[in-house]
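For reference, the structure I am asking about is given below.
First chain written, first letter: the chains are A, B and C, and each begins at residue 1.
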Amino acid sequence: MSKLASLAIAVVAVLPLAAAPALGKDWTTLKIATEGAYPPFNSVTPDGKVVGFEPELLDIVCERAKLKCETVIQEWKGIIPGLLAGKYDAIMSGMSVTPKRLEVIDFSIPYTNSPSTYAVLKSSPLLKALGEDKRVMLTDDAAAKASAAADSKALAGKVLAIQTATIQADFAKTYLPEVKTRVYETTQEEDLDLKAGRVDAIFASASSLVATLEQSKGEIVLAGPKYYGGLFGLGSAFGIQKGQPELKAKLDAAIKSCIDDGTIKKLAEKWFHVDTTPRQ
Amino acid sequence: MKQFDFLWDTFLQLLAGVPVTVSLVTVSVVLGGVLALGLTGIRRTSRPGEWVVSAYVFALRGSPLLVQIFLIYYGLGQIEWIRSSLLWPFLREPWWCAITALALNTAAYQAEVLRGGLNAVPKGAIEAARVCGMGRLMTFRRIVLPIAVRQALPAYTSEVVIMVKATSLASIITLFEITGIAHSIVSETFRAFEVLSLAGLIYLVMNFALTRAFRRLEIHLTPQSRSRPVERPVSKA
Amino acid sequence: MEDLVAYFTLIGFGPAGWGVPLARAASMTVAVSLSAFGVGIVFGMVGCWAKLSRSVVAHGAATVYTTVLRGVPDLLVIYLLYFGGSQAIGAIARAFGHQGFFGLNGFVVGMMAVGIISGAYQTEVLRGAYLAIPRGELEAARVAGMGRLLMLRRIIAPQILRFALPGMGNVWQLVLKESALISVVGLIEIMNQTRLAVGRTGAAFSFYITGAILFLLITTFSGAAFRRAEAWAMRGMGGRVRA
């Protein structure tokens, strides 16, 4: 009875909103969700402003797509369910295009792409054990499996930190099934536990690790191979609901123009210290 | 039917978290109970003791369990000398951090429950016991404890139920109890509503069984009819 | 000593300090808790009425309400309302022919979720308070010819308030602490703000202790306020023992 009552109250409370112009095919405004805790993609300053690679890119994209954009903060775990529930129109939060996500939502073309790799304490024996920095494409199945097997061996008896609901978590589940993992809500909490020694390594996106490396002032370093492609997808893109071709077209056009004129290259070098423009 | 397959599959996955939840509740309630007994003892011995215990109870009951869990897991983990101390092998593990936080928290509530129970023992009964020649220990064992336990049992039941629910917060520090598993399923299937409802159902069943068991215990311990909250005219025939 | 200075700089109101966002978060916590408490009272009143009613349907529904909401972890209820709630409203709105979204923001969701949960506890508090009213008074009122509405206004409501205040104080405590869980739906209250601060600075201990202290401060002040209210409600009753 209470649920019915609450629904009734909510409907009555919300009906005035229903009188507002409905968002249909003619996109003029856009509500974007971001985690706000994934530097250098996005993070929140003490006075509540969202800063990072993505907010800056968003300003440019919205200007080019002639959209009025509003940003809301959403906890990472619930960011896709929130989109599906209609809480906002799009997601811009370092979210990679993956087959699994494509089952439930659509994506724009990617605006950045970075590999996933390990991070360890500089003093850790894992720095050597995980081997050298080499590119491994997951589409090359044999090489990927071999590399992952070597990683598993190095990580035997150690604990690996991954963030919940990420492609890195999927990678660990698929390619590193024997390694003991701990699943964290945020990347900052992974970093805290790496420093505390509760976990021996983190597996995350190289771009997001830039922030970790900076904040640790050299105490944490990258290690091991860099993985691309396959279940890691083609890069990060805007997540949108299925069945919104006009929105996708607008966003794609704006992103393409940013790629073509080097805007993305500039922003990437500013925030990631390396050009992460997705290959076409 | 595909929907049913999904629900059944999810249900089985969630069940894997039940042993973790049960172990979390049991260990923390027992440890917390022991601590509460100690606190009650300290409370009754001295004035400063009373003050210290009251401060402890206030701090633990006045702040959210979530904050306490974060404080113990991340807060203590950040402190150098804790990392090099004997406590570290325990505090390093999320399970022990969760137990510590849950036990400390329930100890505060259980101390209050015990206090209420002990206060309910009529002074007259104790005096009569002493007059009969019972020593302190025997008075405690024969008179005080049974009455206190009977009085405290309903409040104790709700505390245990609250603890079962509290274990769901352990999912936030990487533990895979029921809620933790539910979240990981949601992150793979994006079907938040169905998965979370199933998880809720499992907790409901657990708490229902627990309440039933405690109610049986209550009835067993109080064969006389329970007092009703409504005033009744007492006939002095 | 320098640790202490460093700590106060961190939480202070200077440029490097987190004092302003923390204060804002604290007022958000109080705001959402007050709103949720209010919602809870409404649900509690409805639930209490239903539980006391002779109708089997109402009584059953109320029992289901209190059992379910007190037996399921608050975290799950908040998530369910967050995901399920807007889906349901979206569906209803689409049935009315409106496209687009009806985002319930974190505040509203949190307020409704904690309100509905605390309503289950309030139901019991109010019911216990009603049952504590001496039957004799109600009988006398009826005999004196008071209509139901007058009886409600003159006898039942004030008495319920008096008996329910301690229980409501407990529920308020509950609401205050549950507001920390609303952090999972993105509301920037004390819990979330401290978590963000820890994320940016790594000073886990300092910020989580500060968060705890903020909650304790709010608890202390509201505890004092409730005691005042209880004393006011008991005025004129002397040393009369509560039933």
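We take it that contacts are C-beta pairs under 8 Å (C-beta built on N, C-alpha and C of every residue); 3 or more make two chains touch, one makes a residue touch a chain.
Fair warning: this is a prediction, and the values are worked out from it, not measured in the lab.
Listing every chain that touches chain B and chain C alike gives A. Centroid analysis (C-alpha atoms only) places B farthest from chain A.
Once the centre of each chain is set as its mean CA position, chain B and chain C turn out to be 21 Å apart.
With centres set at the average Cα position, the gap from chain A to chain B is 39 Å.
Mean C-alpha position of chain A lies 35 Å from that of chain C.
For chain B, residues that reach two or more other chains under the stated contact definition are 74, 77-78, 192. Counting only residues that touch two or more partner chains, chain C has 79, 83, 87, 195, 198, 202, 204.
In chain A, the residues that touch at least two other chains are 78, 81, 84, 189, 192, 195. Note for the complex: chain A touches chain B at residues 77-78, 80-81, 84, 100, 104, 164-165, 169, 182-185, 189, 192-193, 195-198. Those residues of chain C that touch chain B in the shared complex are 67-68, 70-77, 79-80, 83-84, 87, 128, 131-132, 134-136, 173, 176-181, 183, 191, 194-195, 198, 202-205, 208-209, 211-212, 215-216, 219-220, 243. In the complex of the two chains, the chain B residues touching chain A come out as 74, 77-78, 83, 92, 94, 172, 174, 176, 180, 183-184, 186-188, 190, 192. The part of chain C that touches chain A in the complex is made up of residues 18, 20-21, 43, 46-47, 50, 58, 61-62, 65, 69, 79, 82-83, 85-90, 92-93, 96, 98-105, 112, 116, 119, 184-186, 188, 195-200, 202, 204.
Every residue of chain B that touches chain C in the complex is listed here, in rising order: 58-59, 61-68, 70-71, 74-79, 161, 164-169, 171, 179, 182, 192-193, 196-197, 199-200, 203-204, 207-208, 229-231.
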